[in-house]
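Structures incoming, each one as structure tokens.
Each of the two complexes below includes chain A, the first together with chain B, the second together with chain C.
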Partner chain A sequence: MSLESQVAVFVDGVLNYFDTTVQQSAQCGTPHLALSDKPEISDYTGVIQVTGKRTGMVAFTAPKSMLSVMLMRMQETDMGHENLCDLVGEIANTLSGNARRDFGHQFQISVPSVLSGRDSQLEYPPDLRPIVIPIDWRNYHARLIVCLGG
Partner chain B sequence: MAQPVLSRQLRWLPVALALLCTTALSLLLFTGVQRAARLQSASTALQLAAGLTAQPQLMRSELTLIQRGLETQTYVGDSLRTLAGSREASNVAYAQLADAIKAAGLDARSDTLAMLDKAQKLWAPLDKGLERLGNNKTGDLYSDSAAGSTLTAAGARLKRSVDELLATQTKNTGALSRQVSELAALLREAVVNDGRSLRALLLGGSALAALLLASMLYFSWRAGQAARAAGIAQRQVAHIMGTVREGLFLIGRDGRIGGAHSDSLRGLLRVGTPAGQDFEQLLRPLVDEKTLLAAGKYLGLLWKDKVNEELIESVNPLSQIEVSFQKAQGATEVRYLSFSFRRVRATASTADHVFGVVSDVTERVLLQRELDSLKSDTDSQSALLLQVLQVEPLQMQTFLGTLDAAVRRSNALLRAPGKQRADLQQKLQGVFREMHSLKGEAAALGLGTFVRRAHEVEDLLSGLRKRAELAGNDFVPVVVRLDELMTHGQEMSALQERVGQARSTAVSANDLPPERHGDTAVLAGGQVAAALARADLGPTPGEQLKVALQRLCAEVSAASKRDVRLLSEGLEKVPASLVPRVREICIQMLRNSIVHGIEPRERRALTGKPPVGSVRIRFTDSDQENYSLIVEDDGQGLNPEEIGMRAVTRGLLDATQAANLDRSGAFRLLFHPDFSTADTVSEHAGRGVGLDVVNAAIRDSGGRIGISTTAGKYTRFKVLLPRAQAEADSQSSAA
Partner chain C sequence: MTEVAHRLMVVDDSNVIRRRIERANELPGVEFVGAARNGVEALALYEAVHPTLVTMDLTMPEMDGAECVAKLVQRDPDIKILVISALADKLTAIDALEKGASGFLCKPFTDRQLNEALRKLIRT
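So, the complex of A and B:
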């Protein structure tokens, strides 16, 4: 499976999550490479690590305000830190599930981990340029960061 | 699996047999009914004849009784009445007997009629005698006196008549009885024969009915078996159609898909109900107009029975096509489908349907690409080394800088906000221009691996440009290729560094006396590397540009199958700061001149031109305000009408606009991003971006361009680049 197909699996996974769980579509902006600086991290970030035929990480990072509105749409009343972490973790978990389903046994996908805070540090594989895919929902802006090599 | 299904010929057998048996039975029944009627008539005749047999004797007995009664003067009234009754009954019986014989069909037998006739003839005198006897009976027959009873006159007349009748007819009645007995025997025989024949008919009918019943039961059993087998086969076909991954379908002569098709066809074509739909209409949203047209022609050929389908299979335009499906979020999913078609013949000579099979070969195509990429990566390692050795280090450094800048500019375009179609088209066009320019730079240096990669990005962008709908995630493959391009540049840079280190080592080694390292191979390698190292100090940027353009000319000429000579003048005078700009302009214009301007050798010979075409590039710095760059070829020149027509086919103008197009308007079209006069896309032309890149470079430099041309003779582009802008750029880059 080519890298572009694998990136597409993650993009589709996020967009499907909005369609089915949040029940309001999100739009994908034009993807670009993080060339000079590391990609900007938002308030909450769900991360999965990929090993096997390719090695790297995939992260979904979104601002607190966006996640709170998503929780509201999902009939959730508690907008606390725990629930926001759970939501971003669930999105990462969905990506993990999609990757397991579509990539097959040549890839090992980790259990999702959640980072909170804009100063969180994501560990990128050396010598790889992350691909940043803007995910826009209502007036909020999240990002999908895919950094896979091998 | 052998199916107990009746063949086409045998299918008519039960019907034919049933018809035959029914006809035979009807005939038998009809004959039977006729025979029964005849038998009934013959029986009636027999009964009548049997009844008549005894009548003459009875009549004679009654006559004798009357004779004796008259003699003894006793009462004879009863006998007279009985006799009259017998006579009347006999007359009726004879009449009925004649009718019954006719009805029984026995009148055809001459002996029967002869016997009847004879009997009637024998009966006639007796009948007459009896009639007279009846007429004589008037008044009392006896008169009583003291002497006793005596016959009256009437009695005497009666007695005479009776006596006379007995005397004349005694012999006759015997003959009559025998005659009627013989007739009765004949009738009995007829009855027996008719009965026998009727029995035979009944037996035959019963046998036929039994045969009919048995055959019906047999064929019904066979039909049941066939229906069961057909049911099983139908279920098996349904299982196959429901399970098979390929889309199986039939196309009728009307171009529509048949009712029976595999379930997966819906998923493969993303159509809810393919049955009954026009196949070409189904294809229309999936493929471009050209492929659709070719597919229509190909299917048309399949319907022509004389065309060998094995031979035309290789030109199937749908054997592998890229199709785009719209997804929920406006994104597009690209799949690769493979169609194959076979004729289905209803008769030996005429095609009834075309059987189509479509399968999703996306994984196979992508895997093949991956394999090709792996192979080309392996190839590119050696190609990389060759390129490093061929290109001057400084030029290579400059190119790698250009590459880095082009990818960064492309990335910045993608990163910029904007998701509307116009924004995405603008981004697409910008990245396209960057890649086209980069490709030209790479080609000028002979860097084939970079040319190929930049061309691949152009391919992707071309595909996106044709789409009706665009979404952000359609650009994922573009970003991945940009990343690969950058990685390739880094690999080249690392290799150049290692080669540079090898050169330094070689130069040091070459300074040592030769006897210190007697290995000739090392010496030879060292000399080459040293020569390369010394070359680093040589050419100026302008001279390097000259060399690069010569190399580009050779490469594009070879690829375009043209014979072209490049004559350059004054390029060494190009200020260093202006070299990248001039190079960018020259590369695109030189490629345009070779691909679009210079004619093939044969055509040049026909028009009396020298066989080898020439492109002249002249740079002058004599003017105080502007640098001047002239690119001129002695090719076919520009034809405004042809440009107008091409603009119509490209959708840039309509027919009216093209008709009203003036010369300068036509030349302005040459700089439109979507305009190209090349019919096919190659690494060197056909995208329509070359002069767009030139235009952008001139615009950025604050310059202007002019065109002069004569059809069939030459085309000259004159570019003026302001000195002030060039110096300002030079200062800003130095700062």
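So, the complex of A and C:
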């Protein structure tokens, strides 16, 4: 599968996620290779480790304000830290899991881990350059970071 | 007053999803009886609340959903289990059904899709 096709799988996943879960469309900006080895992350980051035929990681990173509004749209009344961590992990899990439709059964994903704080360090697989997919929803900006080899 | 015909247990490692399923359930006769964060908790909760209807995530720590489906069906062959997972490939769905699940719903889902899937499950 070409790099463009792989990116398209994740872009479609993002658009479907927002349409379905918060029932308001998001827009994906132009996907690009990370300018630095370690792309900037936001307030909360959900991380999925990928093993099997492909190895690497998928991360969804978003500001607290965006996640809080998403929770509200889902009729959730508790916008506390635990639920913000939970939501960002669940989004990373859903976007990664949905990719199995195209990548196949051997695209194995971990349970999500979550980083909070913009100073947190995301661990990237060595020798792989992350692809960053900008996501705009309402006035908020999030990113999907895809770093896969194999 | 609607008679309770089904007792719903929700199993998912995400609190947001557990609460969402509990809120979204609007089927008459389906009563929410409890939620668990993984397969181990689900088996313990099963003994306490004896659900007849279960929504089950697959990717969870401690005991995953596929193993938990098999163990719940061993305990109650008539239990109805709707697997709700982000794992969107056909083999995953087939594997869950072979282990004893009665239906499969892919994440993300709308409240309407959830209720429709539960309704179908009850009718089977």
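The rule we apply is simple: the second predicted complex is superposed on the first by the 147 of 150 C-alpha atoms of A that agree within 3 Å, B and C clash if a C-alpha of one lies under 4 Å from a C-alpha of the other, contacts with A are read in each partner's own complex, and residues count from 1 in each chain.
To be clear about the criterion, a residue touches a chain if its C-beta (ideal position, glycine included) is under 8 Å from a C-beta of that chain, and two chains touch if they have at least 3 such contacts.
Since this is a predicted model, take the numbers as computed values, not measurements.
Superposition of the two structures on chain A shows chain C fitting alongside chain B with no clash. Within the superposed three-chain model, A:I109 lies in touch with chain C and out of touch with chain B [touch as defined at top]. Legend: residue contacts after superposition of the two complexes on their common chain; A:Y17 is shown touching chain C, with no touch to chain B. When both complexes are overlaid on chain A, the residue A:A26 reaches chain B alone and has no touch with chain C. Within the superposed three-chain model, A:M72 lies out of touch with both chain B and chain C [touch as defined at top].
After overlaying the two complexes on the shared chain, residue contacts for A:L35 are found with chain B alone; chain C is out of touch. Draw one line from the C-alpha centre of chain A to that of chain B and another to that of chain C; the angle between them is 80°, to the nearest 10. Of the two partner chains, chain C is the only one touched by A:R100; chain B is not.
In the superposed model, A:I131 lies in contact with chain B only, and not with chain C. Superposing the two structures on chain A brings chain B to within 15 Å of chain C, judged by their nearest Cα atoms. Comparing which residues of chain A touch chain B with which touch chain C, the overlap comprises 16. The residues of chain A lying in touch with chain C in their complex are 16-17, 20-21, 23, 71, 74-76, 78, 82-83, 86-87, 89-90, 93-101, 104-105, 109-111.
On the chain B side of its complex with chain A, the touching residues are 327-331, 366, 369-370, 407-408, 411, 414-415, 417-419, 424, 427, 471-473, 475-477, 479-480, 482-483, 486.
Residues 13-17, 19-20, 23, 59-61, 85-89, 91-92, 106-110 of chain C are the ones touching chain A in the complex.
For chain A in complex with chain B, the touching residues are 1-5, 7-8, 11-12, 15-16, 19, 25-33, 35, 129, 131-134, 136.
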